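Order of writing sets the labels: A, B, C, D and E. Residues in every chain begin at 1.
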Amino acid sequence: MPASNFHVEFSGVGVRIGMATILRDVELTVAPGESLGLFGANGAGKTTLLRVVATLLKPSGGSARVLGVNLDSPDRFDVRPRLGLIGHSPALYPELSLLANLEFAARVSGVSLAAAAEALRAVGMEQAADRPAGEASFGMQRRVEFAREIMLQPDLLLLDEPHSALDPSAIELVEHIVAGVLQRSGAVVLVSHDVDRVAPMVTRTAELRGGTIQ
Amino acid sequence: MNSGFWRQAMAVARRDLERERHAGEVVWVTIPFGAIALLLVPLAVGINQDVLSRIGTGMLFVVVMLFGVLTSIRRTNIETPPQRDAIALLGIDPVAEFAGKTAASAVVLLVFEVVMAAVAVALYGIDISGWWWMIIVLPLTAIGLAELGTISGAIAASVQAGPALVPLLVTPLAIPLLLGATQTVENIDPDGGNLSWLVLMAIVVLVLAIVGVLTARPLQETR
Amino acid sequence: MTARGRLAWLDITAVIAVVGALVFAMVSPRVESQGDSARMLFIHVPTIWLAYLAFAVTFVASIAFLVTRKLKWDLVAGSSAEIGVVFTTVAIIGGMIWGKATWNVYWTWDARLTLTAVMLFVYIGYLALRRAIPDPVARARRSSVLGILGLVQLIPVHFSVTWWRTLHQTNTFRPRDIQMDGPILAALLVSVAAFTLVYAALLRRRYQLAEMELEAHRAAAAAEGPVAGDAVSAPTIGST
Amino acid sequence: MNSGFWRQAMAVARRDLERERHAGEVVWVTIPFGAIALLLVPLAVGINQDVLSRIGTGMLFVVVMLFGVLTSIRRTNIETPPQRDAIALLGIDPVAEFAGKTAASAVVLLVFEVVMAAVAVALYGIDISGWWWMIIVLPLTAIGLAELGTISGAIAASVQAGPALVPLLVTPLAIPLLLGATQTVENIDPDGGNLSWLVLMAIVVLVLAIVGVLTARPLQETR
Amino acid sequence: MPASNFHVEFSGVGVRIGMATILRDVELTVAPGESLGLFGANGAGKTTLLRVVATLLKPSGGSARVLGVNLDSPDRFDVRPRLGLIGHSPALYPELSLLANLEFAARVSGVSLAAAAEALRAVGMEQAADRPAGEASFGMQRRVEFAREIMLQPDLLLLDEPHSALDPSAIELVEHIVAGVLQRSGAVVLVSHDVDRVAPMVTRTAELRGGTIQ
């Protein structure tokens, strides 16, 4: 695995789904310790770009490296444990309790169960630990997703509109978690529509327009 | 196959069984629905008791197969796209995922099979002289169906037509299992004819396991 | 000769061979006990054997794809399965016509007949899966698994007549023990050879078509279409 | 029953058929799956041709029933909670919703039935002398099953276990339909015995329609 | 139907789901022409309260009137066409195109199809009209929900975090739609976590805490 100075290194990346062109000619680098704010109109392709960076969607062209690994090579699976993503809609299992959801992630990742309970406490949800995720409010589910990333400590964290659904007391979770990643020389890509709000926590911004980064 | 592998496989199996325990889909829907099917068929078809006790075992396995396929598309076995993304990013070993999912499904299917067998015996007055074979046949069928369900689920995951495709893929492929199961239990053959049917089943289960393990990674790559 | 020319030559040979084989079958001696309908043998058996071959090719090509990751193997697998489905259908329809003549029913409750139909379903499922996935690479990865699993079906189909002794002819071709009259055997072998040519011709044609489809897909993929997000504009109300 | 009623009922039916057309679940899954079931059962059970041609019609209706129930829980017939909220707030007349959903389901079921009947005739060598009754029996069965599916769907929508409950509610209630259908087609009775079975079916369909209309509002109130 | 001076008139309202008490003793009135901003921590019960006001969830106690109708009486169904709700997650049918989704709502409500196309244009989505809703981005789906409410013109509009997912060019949709409702003497209840942002468009605010309005 040749060393790379960047956590994300995209050059000429295009993305198509079926016959539709979503992204083209995307040039993007994010260095360790950097936090990128990604903006763009509705439908511009921000979520799509995050999923490509998360190795969940393969680019249809160009050269894309994430955490030093080429997205075309099978090695991309090996970097997945180092990636974290909080998307638009919660990804919890509705039948399982909030704590059980975290514990599942902990078991798969080889993290201790104590860390799961600890993370739940960190987001202020320890008293709702036994509530099934399907009965938790939208914001509560988002908080648990933050807890998961706090617990798993990814090197590259991808956030899709992280502020939505968080109440004022929880809104600093975003700043906290971004700071944590940067502190251990990780990188963050943060999608948002609210330039002012994310300004303090990003080191750089980019805008998606016409399917590419302007 | 280090400790990480087993830890992940166990975690997956545990998650699936927990989800099923909370949702109770198999207990509250598949089992009663299967029992109704067992009840309905002779009624509608108008078979008398004699024929029934003869063809009962076959009927049992048909129902096990058709509804077994339905359990592999049960809600708690299918992940939503965000859930799939999340689990992918946990960096789970695809082979461990295959093993864990299959194990959980096999347990669920075994429960279903045992209840159905009891219902069939009660309803049909089946000649159960060959039934001690069931001790091996039921688990083999359960494992085989579970393997098929997991593989097909992985094939169909994130395809548009999605979960809907699974039964179509699983049912025809499950025929050898169905044949093996029926024949083993029905043909009480002193020359060990049953054994050869059992061997067929075992081979199918093994082949499916090998296919499942070998294709787990290529299938993951499609995501 | 150009590749295209050779291909046309293969097509023509295949057609001539099949016509020839069928003529040969027609003039071959009549089996008194079965009447002229027995000549269905020369369509029925070759088509089903060629279906076996086609599915075996799908199996091998699927493995080849998974090992080499070369898309052309997937094209072979898909093309061959399609032809196999056609051959299976022809065999079943031929068998049904034959069955009407000899058993006096189109379809009977027989293990071989059933399992042949099940085999058809497996590969229809395979084709349905391919149809459901537009992306060539994803399609190849997913369908190759099914292409491998599908071959499992051939075993019960072939052995069905031995496992259940029902209506259908038992396997007459066993190693070292062929139970068939010389002339009929000769006509059958000629017919099998002819249908093999047909298979080869169809496979090459279908493969060519598949390659063209892939090329078209790639060309469309390379073409600069409109970007999806450009369809969204600023609301016309609210801002004014 | 003013023009608003029909407009809403038509809109609902149209929506359901459109969704089904795009998803293609019935065409690509239920029909092949049903065909496989028709094929499988005799094989596993080992029934010979004679018996089969006699019981074929019964088998056909068993499969129609079991899979008909599956079409009423098809993905495109089930609404997610936000979708349910949205349609409730459109202020739709619950009776119009019942009528529209039932009409769409009946169309889908009728297509399914016709294909299954063709497969059964081809496979089972059924004596089709009484089959011209099918012209009335098939639509009646389709409408009856559709009514049951819609009512049960509405009941289940208000309960935790959700869609999973539907088959459990529908199947036992569908038995009179199943019996009526089989008997009408099978008993070729010069004294008009068929007619009395038809009347039974018609009554069931009518009763279900009345139940559906009368309960539409109370069931909506649970939401 | 006795006349009421309020569009929402709750007194001593409690809500239980299963064994859990979500809300208790809620006192709330919203007059025509009023726009209420509703705040509260994650899990406080804001979404639940909106669903009660929308007649989608029955209160377990107290007296609740919406648009002059008692929520205990079957008449509550008659006011539903006058209510509009935009919730956390989009309620479109993923198989149908964006326009077909709107047209369905139009047909059911007896609105002309031209109005549906018009509403889609108003939210800037006419060029994506034929895209299946399942392939539209999150923000595009939200915009279509706004189009639905623009088309249906409800008298009481309930918005659950309406700003999330809208890009800056679309953010004024919220203000526009609120203004429209108020102009025709309707009322709005707007749930949000962002006090500053909603301040210009609300006439009054309330906070949910401890299951009741403070």
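The rule is simple: a residue touches a chain if its C-beta (ideal position, glycine included) is under 8 Å from a C-beta of that chain, and two chains touch if they have at least 3 such contacts.
Worth saying up front: this structure is predicted, and the values here are computed from it rather than measured.
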> From chain A, what is the lowest number of touch steps before chain D is reached?
Replying inline: 2
> Where the contacts of chain C and chain E overlap, which chains show up?
Replying inline: A, D
>> Applying the touch definition from the top, give me the chains sitting in contact with each of chain A and chain E.
In response: C
>> From the mean C-alpha coordinate of chain C to that of chain D, what's the distance rounded to whole Å?
In response: 36
> If you average the CA atoms of chain B and of chain E, how far apart do the two points sit, in angstrom?
Replying inline: 45
>> Quick check: how many Å separate the C-alpha centres of chain B and chain D?
In response: 27
>> Show the residues in chain B shared as contacts by 2 or more other chains, in ascending order.
In response: 23, 161, 165, 168, 171-172, 175, 179, 221
> Can you list the chain A residues in contact with two or more other chains?
Replying inline: 20, 40-44, 88-89
> Of all residues in chain C, which are in touch with two or more distinct other chains?
Replying inline: 115, 118, 121, 125, 128, 137, 229-232, 234
>> Going by the touch definition at the top, which pairs of chains touch each other?
In response: A-B, A-C, A-E, B-C, B-D, C-D, C-E, D-E
>> Which stretch or stretches of chain C touch chain A in the complex?
In response: 134-135, 137, 220-221, 224-232, 234
> For chain A, which residues count as touching chain E in their complex?
Replying inline: 17, 20, 40-44, 47, 88-89, 128, 135-140, 142-143, 161, 164-171, 193, 195
>> Per the contact definition, I'd like the list of chain B residues that touch chain A in the complex.
In response: 4, 7-8, 10-12, 14-15, 18-19, 22-23, 76, 80, 82-83, 85-92, 217, 220-221, 223
>> Touching residues of chain A toward chain B in the complex: what are they?
In response: 51, 54-56, 74, 77-78, 80-85, 87-93, 95-96, 100, 104-105, 107-110, 132, 148, 152
> Hey, which residues of chain C end up touching chain D in the complex?
Replying inline: 105-109, 111, 114-115, 117-118, 121, 124-125, 128
